[in-house]
């Protein structure tokens, strides 16, 4: 109880937020270095998912614009990274990441400007239209994007100092996994820090005002269009970064992988974690890390062959079910449940 | 005269119209639900696909095509009714985002479910009518027995729905429940039954479109309605989600415009064309082209 | 902000509004000066709310013009009002449901605080500092209205009368020079009504106030001047005393044929 209060207090100051993000990142790096290489691949991917979820949390939870098209922005980031990597083999990854953020943001601007005219289901439908158009569009670009086969390029490999540092210097495969997870965790920490700043700022508040009551927000001096587009741009920039990271981790950019299913997965995780709160987005990230393991275990429990029809699709069914059940029974997600529990406990203590 | 009917423009219009009536059916199915329950059914395409699978896979067991269609339509009605009762009913009066998220989740369940039951492979449905285009002299006329059936049956279905709403007692009750649920309830209309019935009708219309789409082109597979659903949604949105006639007309136009884009510009732009049309139409008339203007409520 | 005392804060000049064939307002003109409380009254459907929405740019007139001469502004968009020193309350309370009372009042200073999206992301010092002073001002405003004990509550958890005060506190946090109150008395009990009347009287010292109101017992002793609308036209203006004696007004309210 005390600890949660201290954590909440920390979020009110910019220094506190920095300390929180640093602490979290350091803890995560320790975990990365301790667990198995297999777990590290899950953590690395979960980092990318967390970034995408943070972006969607801002757009859907914070500014109230439901998007089921954010995987389309991830595709933009992934292909930016892929195309750049194939033309500039030796450029540092930071350049790829920054470029992907930029192209993601531009895509967000292009989608966001018309989207600000749309509300509720119209907007969600337009983002759906965007993502379903995006996949065949990328595939039709031929050589530039590798068509439906996609692009292949070098994925992250550990520098020698890291391999020496992280245990067995001979075993480069393990070192590569550890390095990929570390990079992913650090980038996620940075992304989290910036998002926590935004949530606590004037611009972040403007987004919530628009979500809660757009007429009153306008009277408070909020330019509705600008705030709505702003949320789209930032959200798409985060998605672009996430897509870039996914591409760097796997060394592949395939349009198929960024279709509607991924958007639904991000949305499911976000709703499960808790929509519109930072802690919810983080919990969603943890879920993402465990999801594949959990589903593999579930498949084993029910004796399903993971390559059978049912086994290979159980993930989609489970995510869909969780999304529906959560929304119908506990729309605030895990973060909301935890809050409720701590409120109940506080009341009990008071009595 | 023959040269006119086989000209490039008329060919595009014929191909586009055959696509467009299907888009129009999906748009109609969406509008029927939106009017009565103000839920945009993101799972509509997936529900139609699922129902189509339920019946059309019976073809492999030697059943007649039309019997399979009948089974699919019954499955669609059941699915529509159960969905409304179980998933949608708890959403009435809740925030918009709740219904969007639930229906998107249902879409995921249905597509993954269909993949796990029937596998993700596309299966070709043997067409009951020839799909070979007629010829006029040496030129091709872009109509086939099947595409004539496609256009004809879609138009019949649309007129049937219109007649049901306009000329029957049930239709009157359906319209009353959508427009003024409270008053209708006072007048003795079983509003909640009417809402379920709306979903049943909408679901059947969607499933019929899904069967035709699977028969005429790409075959039946779990995500084969994704693209068409998007086009149908865009057609409905251009019409303002409230106007069945507008939705059908917009669907027809989208089909035709897409064919022209594919023929005269490039097939890669086909997917983006409806998105652009939606954006343009929203910039011109945010409330929809076929609805009366509404002022903003303060 | 320079304000010259001789110019009106709000000026509606020959405003006409048509919705389809319906004339919602015809040639409506009136103004509001600093240090003055003006009441806009009239029977239901007379066009009060329409006139009010014109005054704050939510509806643009078919003919005529709205201006804010003392503030040096003409025809503002709704989101530009706050920065120009104009605040408006909404019918009911119009609070942000998912934000605490304190956050709601801070939201009133949205136009005053610094920092866009990028500054927010980076967590710039200047943005943090302006947030800090905004928080202090919001608390001071809650104190002034005697409701600071509700600062951490959500709007759904506080009584209606308090919520109304919060919405006033929210519009005062920018120190506006023109305040537009939309039915401030609706839903309040006797005690709260007199508190509100006192509060509005105090506000006159520093700003011009225009209010739309149904409750005559509340309006009559409070305002300096009344503008009476009927069927979209101004049928009378003047002090409460003059208006009360005007036979047209009586006829409009009682529905007597003229």
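So that you can tell them apart, the chains are marked A, B and C in the order they are listed, and the count of residues begins at 1 in each.
The working rule: contacts are C-beta pairs under 8 Å (C-beta built on N, C-alpha and C of every residue); 3 or more make two chains touch, one makes a residue touch a chain.
This structure is a prediction, so every number in the text was calculated from the model and none was measured.
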item	value
Relative to chain B, chain with the most remote C-alpha centre	C
Chain with minimal offset from the mean of all protein Cα atoms	A
Centre-to-centre distance between chain C and chain A (centres being mean Cα positions), rounded to whole Å	43
Inter-centroid spacing, chain B versus chain A (mean Cα positions, whole Å)	33
Geometric centre distance via CA averages, chain C-chain B, whole Å	48
Set of chain A residues in contact with two or more other chains	215
Interface hub residues of chain C, defined as touching at least two other chains	58, 90
Touching two or more other chains - residues of chain B	296, 298
Residue ranges of chain C in contact with chain A within the complex	56, 58, 78-83, 87-88, 90, 94-99, 103, 106-108, 110-111, 113-117, 119-123, 125, 127-128, 130-131, 170
Touch list for chain A against partner chain B, complex	60, 64, 66, 68, 114, 117-118, 120-122, 124-126, 128-130, 132-133, 136-137, 140-141, 215, 260-261, 264, 267-268, 271, 275, 309-317, 319-324, 327-328, 331
Contact footprint of chain C on chain A as seen in their complex	13-14, 17-18, 193-195, 197-198, 200-206, 208-209, 211-213, 215-224, 230, 233-234
Partner chain A, residues of chain B touching it in the complex	34, 40, 42, 87, 90-91, 96-98, 100-102, 104-113, 115-120, 223, 226-227, 230, 233-234, 237, 241, 266-268, 271-272, 274-275, 278-279, 282-283, 286, 296, 298
